[in-house]
Amino acid sequence: MRRRNLFIQLGISIALLALLGLLINNLAVNLIRTGLGLGFGWLARPAGFALAESALPFTPSDSYLWALTIGWLNSLKVIVAGLVLATVLGVAAGAARSSGNRLLSSLAGGYVALIRQVPLLLQLLFWYFVAFLGLPAAPMGGLIKLSNQGIQLLGLNLSVEFCAVLVGLTVFTGASIAEIVRGGINAVPRGQWEAFRSLGLAEGLGLRRIVLPQALPAILPALTSQYLNLAKNSTLAIAVGYADLYAVSDTTITQTGRAIEGFLLLLLSFLLLNLLISGGMAAFNSAVLGRLNRSR
Amino acid sequence: MNRWLDRSITLLILALIGWAGWSLLHWLLVGADWSVVTTNLPLYAVGSFPADQRWRPLLWMAVLITLTLLTLVGPKRGWVRRWLPLAWIAMAPLGLWLLAGGLGLLPVGTRSWGGLTLTLLLTGGSGALALPLGILLALGRRSDLPVLRWSSAGYIELMRAVPLIAVLFFGQLLIPLFLPPGLEINRVLRAVVAFALFAAAYIAEDVRGGLQAIPPTQREAAAVLGLSPVQTLQLVVLPQALRIALPSLTNQAVGLLQNTSLMAILGLVELLGISRSLLANPAFIGRYLEVYLWLAAVYWLACTAMALLARHLEFQLDPVRSSR
Amino acid sequence: MTVAILASDLVKSYTPGLRALDGVSLQVTSGEVLVVMGPSGSGKSTLIRTFNGLETLDSGELDVLGVRLDAAHEERQVRAIRRRVGMVFQQFNLFPHLSILENITLAPIKVQKRSKPDAAARAIALLDQMGIGEQAHKFPAQLSGGQQQRVAIARALALDPEVMLFDEPTSALDPERVKEVLDAMRQLAKRGMTMVVVTHELGFAREVADRVMFMDQGQVVETSDPQTFFTSAREERSRRFLSQMM
C-alpha cells in the first residue's frame, strides 16, 4: 500500500517536471528565436517615459527600476486609502442594514444589490469619465476644491485619476464589506442587544461598544480576503490611466519586450503587498482576540 | 429623543431619494440622448459579426434565453426535466459552432466576434473548463499524497495572490511563448484558458470548503458497503460537497461574468470593449453616462438571471424541499 | 459449526502507550449472536470496527469469513470482506442526498452489478420486512431516527451479508424509538444471521444473545452465556458494571 503511494507520487512528480521542462524548453526556443534571452540588466536603463503621478521625483531619464518603484508606491497609496475608506463605508452600510430604521436598511440593501451585480471596471470608468471628468473646469467649493483637473483637499492635491480609482474601489469593496459586517452582527445573539438596551445605552453606543467587538472575530478573516481583493482590483487603475504598479509594468513590458521578467517582478511585488496586508491583519486579529480574551 | 432623531433621518433620506429620483428621471427622459444605444443594438448584441450571418449568434442567445426561462419556470413534464441538464451542457459547443462556423456554416474569424455574445461565450467556456479543474485541484489539495497536496496548494495560492488582469495579460502575451513554435492559438481561446486557470483556483477553495463539511462517517458508510474510493467520491462525497459549495460557486460564476469585462483592456470587443470603441466614434462623443447606464443594466440583468438560476438549482438539489 | 470470525491477540493503539485493544482473542461461529458490552472507552467499538477493516491492527491475527485481515492487509482483501459483512452505525450514516430506495440500491447496483429493477424489488421487500415499505421515496431527513436506523439495517442487508455488525445501533435514538429497531434485529437473529452487537440494551442481550462478552480497558474480562452473565457473572468488574446499568 505504502509502496504503491510512493510510486504514484513519483509518477506525478515526473509528469509535473516533464510538463515544466517542456514549457521551459518551448520558452527557451522562443526566446532564442526572438533573440531576447533572459536577464534583468535592462532595469538599470532609462525608462524614457513620463509618469503623470509620482510620490517621489521621477523623470524619463530615471531607470525602469525606479519607474516600477514609483508605480508600486502609487499602488500602495491608493490601496491604503481604499482600505480605510472602504472599511468605514462598509461598516456604516452593514450597520445600517441591520439597524431598526427600515428606510436606512433598505437603502443600504439597495446599494449592496446594485453595486455587486455590476462589473468593477464599468464602475471605475463611470467614476472617471462621468463623475470626475464631468466636473466643471474651474474649481468650485471651499475647503474641498473640485474640478476636472483635480481635487484639492485641505492643501492636498489629488489627481482625478487617483480619485476615480479610490472612489471606485471604495464603493465596490464597501458593498462586500457591508455584507460581511451584517453577517457578523447577525451572528451576535439577540440577547446582547436586549442587554444593552435594558441598561439604557443608546443604539449607536451599544453597537460600537457591545455588538461590533463581539462580531469582530467572525468578521476579520473575511475582511482580510476583501482587503486582498481590493489590492488585486487596484490594478484596474490602468483603465483610467492611473500610473499604478500594473500600468507601469505594462508600459515597461511593451517597451522592452521583457514579458517574463516583467511578469516575475509583478508577481513578486504582489506577493509582497499580500504579505503586508495579511501580516498586518494577522497582527490586528491577534491584538483584537487578545483584548477580547483578556476582558473575559 | 431617539424616535425624533429616527424620524428626522427618515425624512431627510426620503427627501434626498425624491430629489435624486426626480433628477434621474428628468435626465433619462429629457436630458439623455439614447441614439448611442438604440442605433447600435446589433453591435452590443453580436459585435461586428457579418450582417448576413448575424442570425447565428442571435439564434444562440435566443436558445440561451429560452433555456433560462424554461429552467426557471420548472417544467412539469418529466422528459423536459431530464433533457435540461444535457441541453445546458450542449450550450458551449453549440455556441462555438454557431460562431466559428464550419460543418456547413460559413467560417467566421474570432476578430468578428463581439458584444454580449462574446461576453457569454467567454463566461460559459471558461466556467466549463474551470469547474472540473477546480474540483481536481480541491481533491488534490486534500489528497494523502504530499506531492499532489503541495503542488495543488502551491498552484491555488499562487493564482489567488495575483490580480486577474495580470493573469489575462500573461495569457495573451506569454502563453504563445510557452507553446512550441509553430503552434498558435487565437486570442479568444487564450482568454478562455487564462480565465479558466484563474477561476479554477477560487473554485477549488469553494469546493474544498464543501468537502470539509462532509463528515468522515459518510466515507465510512460508503466504504462499509464495498464502494471503491472512486465510487465513494463520485456517488457520495462530491454530490454533497458541490451542493454545499453551490452558493459560493454561484458568486464565482457571477464574478466570472463581470470579470470578462477586463478583456476590454486587452483588446477584445466584448460588451464593454465594443462600448469603448463606440465612445471613440465622433458621432457619439461624450455619451458616457448613457452607455454606462445601459451596460450596467445589461450586466445587472445577466448577473441577476445567473443568480436566480443558481438559486433554482439549489432548490432542485435539496431533496427534501423538491420532493414535497 | 463453521467459524465466522476468529481473532487472536489483537492489539491496537491510537496514541502510543495507550492500548484501545490489548490482546483480544475471540471466536464467533456462524449463526451465533454475540453481544459485546462494557463501559465507554473499553475498546468494544474499536474491536467491531476491525472486523471489516475500518480500523487497522498493530498486531495480532484476524480471520473473517476465511480472509486474513492482519496488520499488513491489502485494500482489495478489505473490499472483498466488506461485501460479505454488513455494518450498522450508531449515527445511521444514511446518504442525505439520496432517497431511501437509492440509499439501499446504491451498493447492489454499483458493487454487485445487479440490475436496477432487481435491486429495487429487493429493496422494497427489505423495507417491508422492516415495516417501513411506504417510506421508499422519501429522503433520510424526513424520517424519524428509528426509521432511519431500520433503513440502515435494510441497506446493509441488501448486499446479502453473511455477518452483520451493529455498533451501538440504538444509542442515538429517542427511548420510544429503541424498540422498533431492536425488534428488527431480533427478527434477523431468529432467521439465523451471524451477528456481533455492541450495545447497552440489557434486555436485548438477555433475550437474543447466544453469548455475552464483557470488555474493559481493551481487554476481554469474561465471555459467558447470558443466563450466567446476568445472574452470576464470574468477574468483579462485570458485576460492578451490571449493577450500575440496572
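Letters A, B and C mark the chains as written, and numbering starts fresh at 1 in each.
Note that a contact is a pair of C-beta atoms (placed from the backbone, for glycine too) under 8 Å apart; a residue touches a chain by one contact, two chains touch by 3 or more.
In this text the structure is predicted, and so the values were computed from the model without any measurement.
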Fill in the blank from the handout: Greatest Cα-centre separation from subunit A belongs to chain C
Problem - Chain pair, most C-beta pairs within the contact cut-off - result: A-B
Fill in the blank from the handout: By C-alpha centres, the chain nearest the middle of everything shown is B
Exercise for the section: Go ahead and note the Å separation of the Cα centroids belonging to subunit A and subunit C. Expected result: 56
Fill in the blank from the handout: Cα centre of subunit A to Cα centre of subunit B, whole Å, reads 22
Handout entry: Distance from the mean Cα position of subunit C to that of subunit B, given in whole angstrom
Key = 49
Completion exercise
Residues in subunit B with touches to at least two other chains are numbered none
Exercise for the section: State the interface residues of subunit B toward subunit A in the complex, per the touch definition above. Expected result: 2, 6, 9-10, 13-14, 17, 144-148, 151, 158, 161-166, 169-170, 173-174, 176-181, 254, 258-259, 261-262, 264-265, 272, 288-289, 292, 295-296, 299-300, 303-304, 307
Fill in the blank from the handout: Residue set of subunit A touching subunit B in the complex reads 5, 8-9, 12-13, 16, 23, 26-27, 29-31, 33, 100-101, 103-104, 107, 114, 117-122, 125-126, 129-130, 202-203, 232-236, 238-239, 246, 250, 253, 259-260, 263, 266-267, 270-271, 274
Fill in the blank from the handout: Touching subunit C in the complex, subunit B uses residues 217-218, 220-228, 231, 235-236, 239-240, 243, 317, 319-320, 323
Practice task
Could you please specify the touching residues of subunit C with respect to subunit B in the complex?
Solution key: 52, 54, 79, 82-83, 86-87, 89, 91, 93-99, 106-107, 110-111, 137-139, 141-142, 155-156, 159
